[in-house]
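You will see chain A twice below: alongside chain B first, and alongside chain C after that.
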Partner chain A sequence: MAMNLNTAPASELPPRSTRGMAGWMHANLFSSRFNSILTVAFGVALAAALWFGLRWIFLAADWTLISTLGGRFIIGQYNAESACPGSNCFWRPQAVLLLFTVLMGMAWGITGRGVVKQVAIATAAAAAAFTFLPYSLDRMGLDVRLLLVANLPALAVGWGLARYTPLGTARRTAILGGSAFLLALVLLRGLPGVPGLQPVSVIYWGGLMLNLLLAVSGIMFSLPIGIALALGRRGQLPVVKLLCVAFIEIFRGVPLITLLFMSQVLVPLAFPENFPQDSLFRAAVVITLFSAAYMAENIRGGLQALHPGQVEAARALGLPSWQTTLLISLPQAIRNVIPAIVGQFISLFKDTSLVYIIGMLDLVAIGRSFIQGNTEFLDNALELFVFLALVFWVFTCSMSYVSRGIERNLGVGER
Partner chain B sequence: MTTIEEPADIEIEVEDIIVCRDVHKWYGDFHALRGITTTIKRGEVVVAFGPSGSGKSTFIRTINKLEEHQRGDIIVNGIELTNDVRNIDAIRRDVGMVFQSFNLFPHLTVMSNITLAPIKVRKMPAARAKDNALELLKRVGIAEQSDKYPNELSGGQQQRVAIARALAMQPNIMLFDEPTSALDPEMIKEVLDVMRELVTSGMTMIVVSHEMEFARQVANRMMMFDAGLIVEEGPPEQIFEAPKSDRTKLFLSQIL
Partner chain C sequence: MAAIPRCLIYQGIPIWRHVRVIEWAAQLVSGVLVVALVGWFFANISNAIGEREIPSGFDFLSRAYQTPIGHHFLPYESSDSFLYAFVVAATNTLTVAIAGIILATALGALVGVARMSSNWLVSKAALAYVEFFRNVPLLVQLFFWFYLILSLPPVEDGYVIAQQVYVNNAGLSLPWPTANGFDAAVTWLGLAMVAVIAGVAVYVGLGRRETSTGKATHAVVMGGSTAIVIAAASWLIIAAVVGEAPFAISQPAPQGTFGRISGGFTLPGGLIVLLIGLVVYTSSFIAEIVRAGIQSVNRGQPEAARALGLSPMKALRHVTFPQAMRVIVPPLISQHLNLTKNSSLAGAIGYSDLTNVAKTMTQTAPAVSIFLLIMVAYLAMSLTFSLIGNLYNRQLRLKGS
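What follows is the complex of A and B.
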């Protein structure tokens, strides 16, 4: 009897009991008596939590505190009469937001699709939606509302810039992003003598704007500083290595709150009395350096996990050691530790609320101080903190969502 | 082929592309190379073999200074291997290397793997580097894979890309460190075929390998390594038919 050796047996479907909804439930929820009991118990607990949670949210809770504070959650005291006497400064944070939206549009235009597109659209839509929020700030006029709605066309402008002009490369967008950050600081800080740009002292900056400014500057600078520290620690130069280790161990070994406090109390003593003092700048530096110390160790972990053959292959091709690091080691090391890096970014974002210790009114501190100053809201602390938790959660959750998307996109080149 | 009696007296002739005199290498206290003296001529194909830990891989890795030797001299293409970085980089540009585990760059496409060094080190214009790379990929038989990432290729294909990557720097010497020992049997042949083609092009090659059939066909000379020394070297006929050293006889009887 002739046998055809080239024909493999026809592939079959898996057994019926492991397929479909019923199969899945049987395998995962009710595979044994004990598991069935656990499933039912957790089901009941979940239903109860949902029932009481939703009842509280929609019936028991009093959310007037949130709408009363309104825009102050976002910009703090920035537009208060004492901060911006005699004129309206509200348009300046809005202009910064517009700048950011244009950049998001450009990022979307470059990457084309995926998580960047989703986040860009979500950002612009959320910004535009703020137009319809009940602002308590009576100085929010039609101009400010128009600026908020303008985030939608701004997104399109950014997308168009990236698609149809020579600006549409990752490098140029990054440079633009850095310049936009500086421009944003100038806009918020103001320029003496320029009409419409009267200086607003940093003590009035607050709310979510403050958290985001500290987080963005921290993220922008802690990654390159962390990379430099990691390379220094792994390098051949003993003095550089010692300095890097000392820096990392000191900044990791001291609580951030202590560092922030020292930056406000001790650092000014080191400078002459009339030296320009900027508490926000010092706080930003401390948060950045603190984060960079952790970042350095993450990156170092990624570098250590690299197969030594990668460096050998690059060196054998005649690449000098700095190019080997820049083109071969670092790109692979960083992509291997993206989850750890994003984890550090998330932690940094949450840590920005610690600036309350040096008297800055960030998102959390604004709410707390408002309750302390308006005793009729003392009973609404739970509503306040549930709301604050939700705001932080939305941001951190988007960050890990973007991170997962980047990991997926980079997966093509994985080992 | 001449045997070298007195290392200090030899003169380097033009066709001597690699000259090693009394090369020693230690890993900590372990004496890995115990005085390697040999000369390899332009266009020669040398197959090094021997038990594991005998120093054959260490030896070829000292030739482009992936390992540093602590005593003796190595002269490659007229340049002496010293600690001078310029010399090391000049030699590495001249010596291509293929590794057992391929060591392709996983974050770059096949094309970028090949064009990276010519563009960055040789300052070749990108378009020309690409043309060259396509030419080389055709030569190793996988031109259609140029836009893929290394992990999308089979082991044999990856090793052929690695060979193309080394050739893109237009080296005078190619070192192969057990190029087929991480491959499935059906992929070994495709890599050996590429190497055979390279032999006919006149490339100087040092191959660490236990592919004895391949050695018998293409090697001008074989070197048996044991305990950090070349215990015997000679043309394949001599090594296979009339080995002089007992150590060689024993080793060959175990692997053939």
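What follows is the complex of A and C.
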């Protein structure tokens, strides 16, 4: 026994540090033999991908196609001679952009800080930066460039409106936003007989403008329709429930592209012959309804996750059922499913690229038709689609960034 | 109190304030409105059909389609009927959907697990994959792959791997087994199916014994070798009886200077583009679903498994994954349905799927009837897939919940 006490315990090294460069690398990259092999294999593959990717971007790729198309990516054929004969219609999309910037400024003024501020500043800065981009449009004069730079003061005007005038409440800004959307449509469509506002047919609308218009109208209307459908499906009224279920399942069961195609071939037949028809309007309605069907399922999930005690407590306090729904169930249900709702908005935005099927020249279709029409650019197709992927990626990523910010502000998962 | 006629009172309450009455009235009104609207649409459509002499009806189905279909898995001639052409196109969509679902699920699970890896590099690479491919429209991705394949050399100067595999801008040609004789081939296929069933039975039985006794039974090895032995034995017997093997390998070979490859099995470029696009796009969604599922499992579960001596892979396979499946399967089904529906983008890259063929059909056949057919076909596919998925989901559910 005594001998045992005298021998020193087998010496053991202290556990490896996980701090510092070496420690971090050991903990995160080389913690086991398998991990080390993975790290080396992935490192080599990634390095090779990066090497070839960067070489392609900077040496092999020819980006002149992007600058050749230039402003057409943004407004499509809107400024073409055939769309707007005899005058310059370019200021109209610009004015719409200015309207949007003012609204962003107002949203910033109301919320004060956070993601809204960042998005507002980024939007205005990007709009102003278009001044220096190659436009290569027919009539891109100084006035157009000035209108683009005006986005910066417009942001400030919006901020000031929200801060120092009675317009600065969320409800009034939302109403303003709705009317600004209508005004934008009128501006783009034009009014017959008004000088400077000569009508521009929707077939010339295109580019990013078209994607954004479809996305905004879809987002604005699919949420309320989706809420109505979800409430109808969860409700006690069998006839309404049946109608809602049928609507949701039919729209969810068929591809959007089939519905869009149908909207062009079949829907015109469903109305009298002299009924005013507008292919873009039909497409916007179909995209909105399609998105609403998915939205309804998301919101239904949120309603189902709600603790029944909430509704019971509201009823016990004497709230009528419509107030229980509007003030108690829906706000909590929607807050619970914000990621799913924003995910649906994102896929709605991505789906706007499908309008190629009805012959509209959106951001993707305009590039593709240009390549097909100018075969000397056929070798640059990859550059084009890498660029388009990047454009969409920037928009969708900022959407999910905003959604995370809203979630943080509402304290989802903390209560 | 003003006198209310008794006929306007129901259960002691004036009917215009009685909740039940209001509810039923509202339902009646909305139901009638919807029926009227749909009726008006149909009246207009039938009017238009009558007045503008737009063709309708389903008589065209037995007429010859007279139009080639770019790629078809079923044998098809231009003289075949519309109905058969429709079935051929639906088979194309169905094949793409099933292959895409299998590949996307496998890739998505892999990326999802990589996303949870403790290895920083691997998890960040998986994150970049998910964030990129999930956020770019499928159409843009399809066009990217389309032009990437188009930039491959033509058939004459295409890549040839080991004199067997041809890669060029027309597609991918692989050696493929072809039947020497119909009877022998079918007999062997039947026996091979028996072999697979026997193998699975052995695997399941041994697995049960392993769970109950705790002794290693090597279920995978035993089950696999059972299947292989039965299949190989039946191959040899058939070869001895008939005189030649039931299947021979047909090798692809370039034909002259026309840029065609005969023999073997050629996956056309459009199909490859469609599959790559669908699989990559959908797998990025599935990866997030798998990650959420793994994260939903109580942390103590894999920790306990590790403490009991299971290796990380075994802990993942036997402890974490079965529990994560309950969270994963419902959204996974909806991704599978999305993939099936997204396959309708095939038209953009020139592959002949159901929507694309139907779109061409509307030029020579009544659009109304064709749309009804497409809707029924897609709804049937969606319902079948979700039925299979829901049956599987029911098996996974905890007993008594």
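Here is the rule we go by: the second predicted complex is superposed on the first by the 389 of 415 C-alpha atoms of A that agree within 3 Å, B and C clash if a C-alpha of one lies under 4 Å from a C-alpha of the other, contacts with A are read in each partner's own complex, and residues count from 1 in each chain.
Definition applied: a residue touches a chain if its C-beta (ideal position, glycine included) is under 8 Å from a C-beta of that chain, and two chains touch if they have at least 3 such contacts.
Computed from a predicted structure; not experimentally measured.
Superposition of the two structures on chain A leaves chain B and chain C fitting side by side, clash-free. Once the two complexes are overlaid on the shared chain, A:Leu317 sits against chain B while remaining clear of chain C. By the document's definition of touching, of the two partners only chain C reaches A:Val364; chain B does not. By the touch criterion defined above, A:His307 reaches chain B but does not reach chain C. After overlaying the two complexes on the shared chain, residue contacts for A:Gln332 are found with chain B alone; chain C is out of touch. Of the two partner chains placed around the shared chain by superposition, chain C is the only one that A:Met262 touches, whereas chain B remains out of contact. By the touch criterion stated above, A:Tyr356 is placed in contact with chain C alone, chain B being left untouched. After overlaying the two complexes on the shared chain, residue contacts for A:Phe385 are found with chain C alone; chain B is out of touch.
Of the two partner chains, neither chain B nor chain C is touched by A:Ser201. When chain B and chain C are set side by side, the one touching more residues of chain A is C. Think of it this way: put the two complexes on top of each other by chain A, and the tightest Cα contact between chain B and chain C is 7 Å.
Across the complex, chain A meets chain B through its residues 307, 309-310, 312-320, 323, 327-328, 331-332, 335, 410, 412-415. Remark: chain C residues 23, 26-28, 30-31, 34, 41-42, 44-45, 48-49, 51-52, 54, 117-122, 125, 131-132, 135-141, 143-144, 147-148, 150-151, 337, 341-342, 344-345, 347-348, 355, 359, 362, 367-368, 371, 374-375, 378-379, 382-383 touch chain A in the complex. Residues 28-29, 31, 35, 38-39, 42-43, 46, 236-240, 243, 249-250, 252-258, 261-262, 265-266, 269-273, 346, 350-351, 353-354, 356-357, 364, 368, 379, 381-382, 385-386, 388-389, 392-393, 396-397, 400 of chain A are the ones touching chain C in the complex. Every residue of chain B that touches chain A in the complex is listed here, in rising order: 64, 66, 85, 89, 92-93, 95-97, 99, 101, 103-109, 116-117, 120-121, 149-151, 162, 165-166, 169.
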